[in-house]
Amino acid sequence: MNEVLLPTLVVLSTLLAGAALVAVLDQAVAGMIAGRPVRGLLSATFARGMLLWLRPDSTTEHPDALLWRLAPAAYLVLAALGLAVVPWSADFVPVRLPTGVVLWGAVEALATVVIFLEGWAPNAPLPLLGGYRHVAAGLSYILVSMFVLIGVALPAESLSFDAVIDSQQDLWNVVRQPLGLPLFLVVGLGIGVWGPLRFADAADLAGGTTAETSGPRRLAWALGRGAMLVAFSAVAASAFFGGWLGPWLPGPMWLLLKMLLVLVLLVVIGRLLARMAPERFVGLAWLLLLPLSFVDLLWAGLLALYG
Amino acid sequence: MAVSWLSALAARGSVPVYPAVGPAMADQVRRLALEPDLELVSTPRLASVLLVAGVVPSSADVALRRVHAQLPRPCGTLWYRSRPFPELDHPQVVDAPELIPGALRELHRVVLHSPRDQEPMLLPDAPPAPFEGRGDHGQGGEGMMGGMPYGRPMAMTADDLRDGLALDAIDFTLGPFFRGLPPGLVLELRVQGDVVQQCTVQAPPYAEPVAAPFLQALERPVPIVALELARARHHLRRLADALDLAGLDALGRRLLRAAAGLVLGQRLRWLRPMLKGSGLLASVGAGRGVLSDTQASEIGGSAARAAGLSIDARMGDRGYAQLGFEPIVQPRGKEVAGDIRARWRQWLDEIDQSLRLAAHAADIDAHTAKIGVVEGPGGRLATDQPLPDTGPVLETLLPGCEWNQALAVIASLPLAAAATPGAEAGA
Amino acid sequence: MSWIDLAFYVLAGIAVVSGWRVFRTDSMVRASFLLLLSFLAVGAVMLLLGAVYLGVALFFMMAVEMLVMALFMVMFMMNPAGLNPMNMVHQPRVAAAAGVIAFAALAGMALVADFPERRPAAGTDVVRALGTELLGDSMLVFESAGVALLATMIGVVVLSARTGRFGPSDEGSCPPGLDPGGLPAGAPSGGEDGSGHGHHHHH
Amino acid sequence: MDLLILAVIALSALALGLLVQRPRPGAALPPWPARTTYLGGGEPATHAWNRFHVRYYPMTLLLIAFEMEMMFMYPWAVVYVAEGLKALVEMGMFLAILGVGILYAWREGALRWQ
């Protein structure tokens, strides 16, 4: 029984705690940028979550109630699937899947579906625009992500994260494939609807996909979003920072520290960079990021053969 | 018991407030964004308290009732220098600005702890059109696209401005309390995809008061220091609005804070690199919202200078001449002059210029010399000023814009009329 | 019954039921994503069968494909959200007959055909085997797929995009002349007329 | 076994995601005015669901074609080191062919909003 229960608990509690941490980090960075650090961050963040939990739900005149209910939960499920295939140490991998890298790709694609549904379901103009906007971005960054992750799979000769981490014993991929991490962070911003890629719930749409959502449903969406960022940070840490590898500390500690690093990066980027125009991002993704990811793959390939 | 413990925990966080901003209240509400423990939210769905600031004209009464109804119940409403709905028995009223934050917190606490006092719905509980039991299927619809399924018609096909592919367009009105628009502005929009096809201005933005130094300068010479600091504050606040739209609300608050605490001698050197680095200018495409020369000279002020026109009431003033004043004009070169970016860049340049002028003016104690006309923060101010009609400008600029561009166009133009005492008397 | 059997029946049930619901819903979005759900269940069944790559790849492919399908269905179908109930099925008899025949053929094949008895050794890395195949005997197929996909991409752009190298297509996208103001390069003798006609037609 | 764990994780995340929403089946709907679409006091004339004019449709089709090809790349990546130069050349050729497609799409402006 423990074989099943322990991984489940680890994954879910990491997602929950991580989502809360993302909120705390975000408020801390926002306070610093605004020039007035927030006091009592932790309790303020919990109070915010609790307030959403206690406030009533709102709905629209004729929404697709089922999809609206399912979308936030599915977002969380996808985050859980993504985190589940990331190893915590040589022995402890919640789910040892030989095609973990591909599963993460599928998570990215399905996340776009889920975000679209969140925008579609309320049958209201602003959420609808947000959902469609996100699809433009989601369909553009997905290719970049595939190339970058194939780049890290090359030296590992495997599609499992175990092997990807193992291949970084000597040198982390962040050094070995210098283009990889910056490109992959763009994907993280997209899949977590964050910062410059915050298209779905953008401020100019009064919250876009979330403009009609209140109370616990809103809490669930925020949780899914935070959890997705956490899952992304775990994948990025494993693909570029050697995952659980590291001296002195036990493996899981290293993984958590590296995840924290990625999350801080994402949060700071998210607070400092303006949201791009969707059209510009599509152009940028196909004409700059995609060729760069070609270069990244070529570099990884040459290095794997002759490095 | 458990619930009260949870609500006690929840009450320790910030208060989500949705502000419905009435005439001449924009700056006072902006100031609330700097209050600790208050959060001005973008949609009433998130708010527990509605703040109605200012006397909302009767034309916006139904709109206010709509927003009021959209706050999830239980909720509270605070009326600041406003006229509460007559149906409310015990409206919470506040007249002193310094009492607002406390009153909002108190209302929030009441909402959380004794939720039984429901704010009533002040609109009839009926669907937009009767539909039950009507039509082929009893839901109001007829045939494939006809009827009023669930109380509203379906969107219908319309021509498209861009690729000629005629798909559906949706029509709606936006405002007067939409947070991305200046208070009071009501737009009737037709949108196909995310591209605005048609725009009609149903109501212009509420007039906003001009800072006191500008009004004094109409009547007598005033120190240029005061004028230029007020101008820099105005531009900082407008840039903060633009940052909010781009999702950089924290940076926006930093600008608001800088505006609130702006004193002589500050140069705000961090401002330009921070804004350039944030990609705010790059986030709207080049060449959007370009004003024609006629439009630019009609609007005047920094918008005209951003379009490459050298229009500035300060030019003929001896006080300014003493300081070696030259208006900043965006060059008509490689960058598209007169577009959204040019106007934002102009504000940025003019903040620099104003701070420099203020410092210089303080050194030699310079005063304005001309009276009757002054270069206000939005454009030329005069005692005999007719209220400009900015409606036609939006109606020509917005069609063809994507949604984010459309809102950026609005955030880059001085749309609100200057509420000078004379204009108010006329209104 | 082991949990694998149980999972198989549950997933097969989900695949069939959601596949059926595709035709019973009024909303194009629901129809698309019910189909996606059906595919996801099939992908999970493939995982149970040990096809770790194909199963996950199916999730991946179908997510993108069904999303694009939903975009286009909403774009071009009347009443895309099914606000007025309607019948999603056209020519139901023919469709039912075709469905029954196809099912019988496939099921018959599964039952009757003589499959080779070649058990893979335990611990075979299926992904590696697939890769070796792609670089071995199937290389020609693989490279031809590349050319075919290039043709698809060009076809897609030609057919769908209004924008063009020389201006919007509905305004007679036309290359510039060889000399300034001259006839377009490579235009037939009636080229000028042709573009003029296109222009006229547009207005 | 791993698949079972994956399923348990997915289902418990689903349950958690639904429970956080505190669903109350059968609860009365809020009154009509509370359910109107938020437009800052404005009002929609129609349902929002419509034949939405997706401005990036050529890009989506381009992606479909490209993504097909990507599915070949994962197994390729696994055997890449073992196969060596042959794999590099093969994939280089493949990507070059598809790169031409993107180049063409860019020249025709197919990645711009239509």
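Letters A, B, C and D mark the chains as written, and numbering starts fresh at 1 in each.
Please note the rule applied: contacts are C-beta pairs under 8 Å (C-beta built on N, C-alpha and C of every residue); 3 or more make two chains touch, one makes a residue touch a chain.
None of the values given here were measured: they were computed from a predicted structure.
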When C-D and B-C are ranked by contacting C-beta pairs, first place goes to C-D
Taking each chain's centre as the mean of its CA atoms, chain C sits from chain D at a distance in Å of 14
Taking each chain's mean CA coordinate, chain B and chain C are separated, in whole Å, by 46
Cα centroid separation, chain B vs chain D, in Å, comes to 34
Chain-centre distance (mean CA atoms) for chain A and chain D, in whole Å, is 14
Shared-interface residues of chain D (touching two or more other chains) are 3-4, 30, 32, 34, 36-40, 44, 47-55, 60, 63, 66-67, 74, 77-80, 82, 102, 105, 112-114
Touching at least 2 other chains, the residues of chain A are 53, 57-58, 61-62, 97, 99, 102, 120, 123, 125, 132, 135, 139, 142, 158-159, 206, 211-212, 215, 279
Shared-interface residues of chain C (touching two or more other chains) are 53, 57, 60, 64, 68, 71, 75-76, 78, 81, 83, 125, 127, 162
Among line, ring, star, complete and other, the chain contact graph is complete
Within the complex, chain B is touched by chain C residues 75-76, 78-79, 83-86, 162, 168, 170
Chain A residues touching chain B in their complex are 29-31, 33-36, 38, 40, 43-48, 50-51, 53-58, 61-62, 125, 129, 132-133, 195-196, 198, 202-207, 210-215, 218, 271-280
So, in the complex, the side of chain C touching chain A is made of residues 27, 29-30, 33, 36, 52-53, 56-57, 59-60, 63-64, 66-68, 70-71, 81, 83, 125, 127
The residues of chain D that touch chain B in their complex are 30-34, 36-55, 113-114
The chain A residues in contact with chain C across the complex are 62, 64, 67, 97-99, 102-103, 105-106, 109-110, 112-113, 116-117, 120, 123, 135, 139, 142, 158-159
